[in-house]
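Each chain carries a letter (A, B, C and D) given by its place in the written order, and its residues are counted from 1.
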Amino acid sequence: MKIAVVQFPGSNCDQDCLRALTDGLHLPAEYVWHKQTSLSGFDAVVLPGGFSYGDYLRCGAIARFSPIMRAVVRSAKEGMPVIGLCNGFQILCEAGLLPGALIRNQSLRFVCQSIWLRVETGDTPFTANLQGRRVLKMPIAHGEGSYFVDERSLETLESKNQVVFRYVDETGDVTAGSNPNGSIHNIAGICNEARNVLGMMPHPDRAWDRKLGSEDGKLIFGSLAETLEPVVSR
Amino acid sequence: MVTEITPDLIRTHGLTDQEYAQIKAILGREPNFTELGVFSVMWSEHCSYKNTRLELKKFPISGQKVLVKAGEENAGVIDVGDSWAVAFKMESHNHPSAIEPFQGAATGVGGIIRDIFTMGARPLFLLDSLRFGPIQGASPAAKNNRRLFSEVVAGISHYGNCIGIPTIGGEISFDESYEGNPLVNVFCLGILRHEQIARGAAKGVGNSVFYVGSETGRDGLAGAAFASRDLTEQSKQDRPAVQVGDPFKGKLLLEACLELLASGCVAGIQDMGAAGLTCSTCETASRGGTGVEIDLALVPQRETGMTPYEILLSESQERMLIIVERGGEATLKEIFDKWDLPYARVGEVTCDGMMRVLDHGCVKVEIPARKLANNAPVYEREALADPQAPEFRIEDLPAADSHESLIRLLAYPTIASKNWVYRQYDHTVRAGTVVPPGSDAAVFYVREADKFLAATTDCNSLYCKLNPREGARIAVAEAARNLICSGAKPLAVTDNLNFGNPYQPKIFWQLRESVEGLAEACLRFGVPVVGGNVSLYNQNPNSAIDPTPTVGMVGVIGEERWITRQYFCDQSDIIYLIGPVGHELGASQYLKIIHGRKEFLPPRLSYDLELGVQAVVLSLIQQGLVKSAHDCSEGGLGVALAECCISGPRRVGARVDFGNWPERLDQILFNESQSRVILSAPPEAKEALEAVCAAAEIQFGRMGQVGGSDLIVSARRETLLWDVDELYHAWYDSIERVMRS
Amino acid sequence: MLGVPMKVDVVVMPKQSVLDPQGVAVRNALKDLGLDSVESVRVGKFLELEFKTLPDEAKLQEVCRDLLSNPVIEEYTIRIA
Amino acid sequence: MLGVPMKVDVVVMPKQSVLDPQGVAVRNALKDLGLDSVESVRVGKFLELEFKTLPDEAKLQEVCRDLLSNPVIEEYTIRIA
């Protein structure tokens, strides 16, 4: 098993993602440069956070045309697990692998804080170990994280159980006060219809070490690892 | 076309007749127009420290752990053990931020980051120390201060967040003296191994000199000279094109440079900061004991028709000068191609000690590099002491409602929670922030080195205004105390000297007193000064800013379990005060905010007491006897106690009793005497803790207990009670409320 | 016309159905400044492109649709000067 | 004309002499997408204001200068539709 961490120019969580995978979970992971055109040899892809291409024009708008993205789209269509974190989520939306878009936070300001997150479905490779509406703690850090999608697509997302994470309060309730950016339906993460592509604004890559105040991020990467390589005896 | 050098032209370049004579002596002839520009920026205050160099010599700069001293390179480097070292420095961008707050602050962040990776270090985190005029109220001045404040914060957030370096701490205060002249001081720290220290020297005759990074435009033309003058209304008119930061390019440049440095082919590297290409060529040549020859026609340019003068003096951002070992050219090209960054071989290292600049092969500048870089005139300015501020007398102070006073103090923007600011900064990127902004010092885990670092910036400029020497000492003491409270042992200091116009004798006196105060305190606390920055001419049309010698201090926390935060944790924990109850109200925030009096002598620092308190606190922390530690600073015990109750993830009350303590309650609550720390400890630690304090012969007292949902303070017959939630909202949402108005 | 750069302006605006918090903030600020009669504000982007030779219309439409705007939230108009 | 909202468009662009990193990034992206003949791109803001009644010209200029643009690095143009 090997996980790819894509490096776009301006990615700044690439190192955090790699460390989370290798130091945090002892998983084999390697960087893949955005000019590369193939993902062969890899079993899953992480699109890390940051400011790819400075987030100029729109977040993820330019990165989406990077050479590696053709391979990402192809692999995603073939069923490879792909997870986009923060800027990675924005890139996946721009690339059309996920519906909707991430627009400016309602406050018009960048927001960095710790938030609570409810897992809405265990039916993805990334949440398979997280059944029963678990509540997780993780940091967010973004200026454009307000999830938007038109009415019809929203209905589809909800009815097909594609909303994977929602911002909640500490007790797990969806409230206006726990929505840090104005996302529609408190949406913090979604998956595609085939359920192998996930995008989320919060940062599991910054929550994998007790020192950092939360280890909940490990649950997500851990689910992915076990999906890729089911643990037979435990 | 040859521009004639007239006395007028010399004056507009900020050079005196005497300085001009010195230039002629160095050259053995008249300079041409371009050379005049080169001398003018290199001999500006900003680059040459001509008015402060003699003062800066007073700092203690050596120490066992100092690997690169202040003044040697772009930033000092200090050993943190196991062959790891840190490079850190603070720099100001005050004048650019006054003119264009967003870009001024953003480019300030970019500049200090380049200073750090120029040393071969990977930048790990930032701190920012900010000053603005008052932001409350509906006056046009308050509105303008709000705009400056919000734009500066946005600018720092823009650059720091995008480049992916967390801003994990800092300080902000508000005072009339900064109206129209905000202070923006940014600190950056990076990590490197001892053998990775890079030098800003042009080594190896015949080596290629490369220009890398963004193309040159007419940005911030002669900004160094601009920062060396008073700010006037005129500044806005004659302002050169404002520098715009490109954090995206900055990120690419950072990664490309670190990759190139790792390849081992770099002979010398220097960022282009103030005075751009001019400063970097003559300084690298001077440090290398060599010469440098470049041709401007080879410099990547963004605009057409730029003159040699413009190219040399441009302060376009995100550029570096790199000297590579012979044979390393291909490596440089490969790496910069990979990162899609412009680069060009613009010249080579020579043996004749000259900074020689050609334009399409024609010599435009030919100046002995070392003399240009090092022989700037040095002045000893006249100093005139301020009369000493009077001693405060409590009898003269009408009593005020202490219940309301505490709430007002907590809501005052200088004291209020700064979450409105630090929530706009990405403070968790790089996955190393253990204690985020909001406690005494930030703590960062350096994963590659397996080290915990604590860092803080401090300066109480009100103290410095009323007694600059004492204020400077206290800045050092307070920084050290903040580190101690987080469980760290102080390691070293960087400073940023922000003052008004040094030609005014009273201002020069403030500067000298401050430097001597800092120097003395650094010596007593055993923390060498590894670098810093001077920003003068911080004046608005009315007056100078209050003297602001900001101190940035870094410490190391030996073990993870020593990491300590400022807030109370559990019901029934015992609350201790280590140090005196104190009585000094002069220069306090209580007098300023509640009584409108910015006067009287500030508190006095006793080194023995301070060092004693710090030693005991650190020892108690290391013995595992302490749950929280918070130092008392602005707003005194009252504010510190409230913060212990409301700054944690869970609010908690406390009951505190001063017994028969003789002073007035407002004096007990709001005095700002130094050397005080509030600890909380589990009941079972009581005996051990008290034994340690007694053995150290340090003043301490059991003040009360954590618990309930109110803060209750009693002394003699009086008892005050605050609902912790009320204190919290007064404090936590205050800046947000002000900014929304 | 050789040598004279060709200019194309592209205006990208948020769709009516998409919340535009920036527009709302600007409207409120305008009201505060005394422009009471302001009804609504929308904030979009203005891109000024200069070409050596004008690209063909289809290609231009393509980059506007795929890169310069995001059809989920924005619409664009092209103006050839 | 009563009841019909009056539209005013304001275009705010970075000054020519000021670096526009966003424009550079967009230009490079356009080139990568095959628009080789693109020379330069500048990115600014487009504000669509709707009024009940048109404010007077002087007031409009004032808010453009003080609020909608930053005269240190930007310039604006007003177009009344």
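Here is the rule we use: a residue touches a chain if its C-beta (ideal position, glycine included) is under 8 Å from a C-beta of that chain, and two chains touch if they have at least 3 such contacts.
What you see is a predicted model, and the numbers here were worked out from it, not measured in a lab.
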Can you list every chain that touches subunit B and also touches subunit D? A
Contact-richer chain pair (by C-beta pairs counted) among A-C and A-D: A-C
In whole angstrom, how far does the Cα centroid of subunit C sit from the Cα centroid of subunit D? 9
Any idea how many Å lie between the Cα centroids of subunit A and subunit C? 30
What is the distance in Å between the mean C-alpha positions of subunit B and subunit C? 41
Roughly how many whole angstrom separate the Cα centroids of subunit A and subunit D? 34
At least two partner chains per residue is the criterion; list those residues in subunit C. 45, 67-68
Any chance you could list the residues of subunit B touching two or more other chains? 246, 248-249, 340
Where in subunit A do residues touch two or more of the other chains? 53-54, 56-57, 61-62, 65
Going by the touch definition at the top, which pairs of chains touch each other? A-B, A-C, A-D, B-D, C-D
Subunit D touches which residues of subunit C in the complex? 5, 11-13, 26, 29-30, 33-35, 37-55, 59, 63, 66-68
Quick one: in the complex, what on subunit C touches subunit A? 14, 17-19, 21-22, 25, 45, 67-68, 70, 72-73
In their shared complex, subunit C is touched by residues of subunit A numbered 57-58, 61-62, 65, 93-94, 99-101, 103-108, 146, 148-150, 182
Enumerate the contact residues on subunit D facing subunit A in the complex. 21-22, 25-26, 29, 32-33, 43
Enumerate the contact residues on subunit A facing subunit B in the complex. 9-10, 12-13, 15-16, 19-20, 23, 33, 49-51, 53-56, 109-113, 139, 141, 143, 203, 205-206, 208-209, 211-213
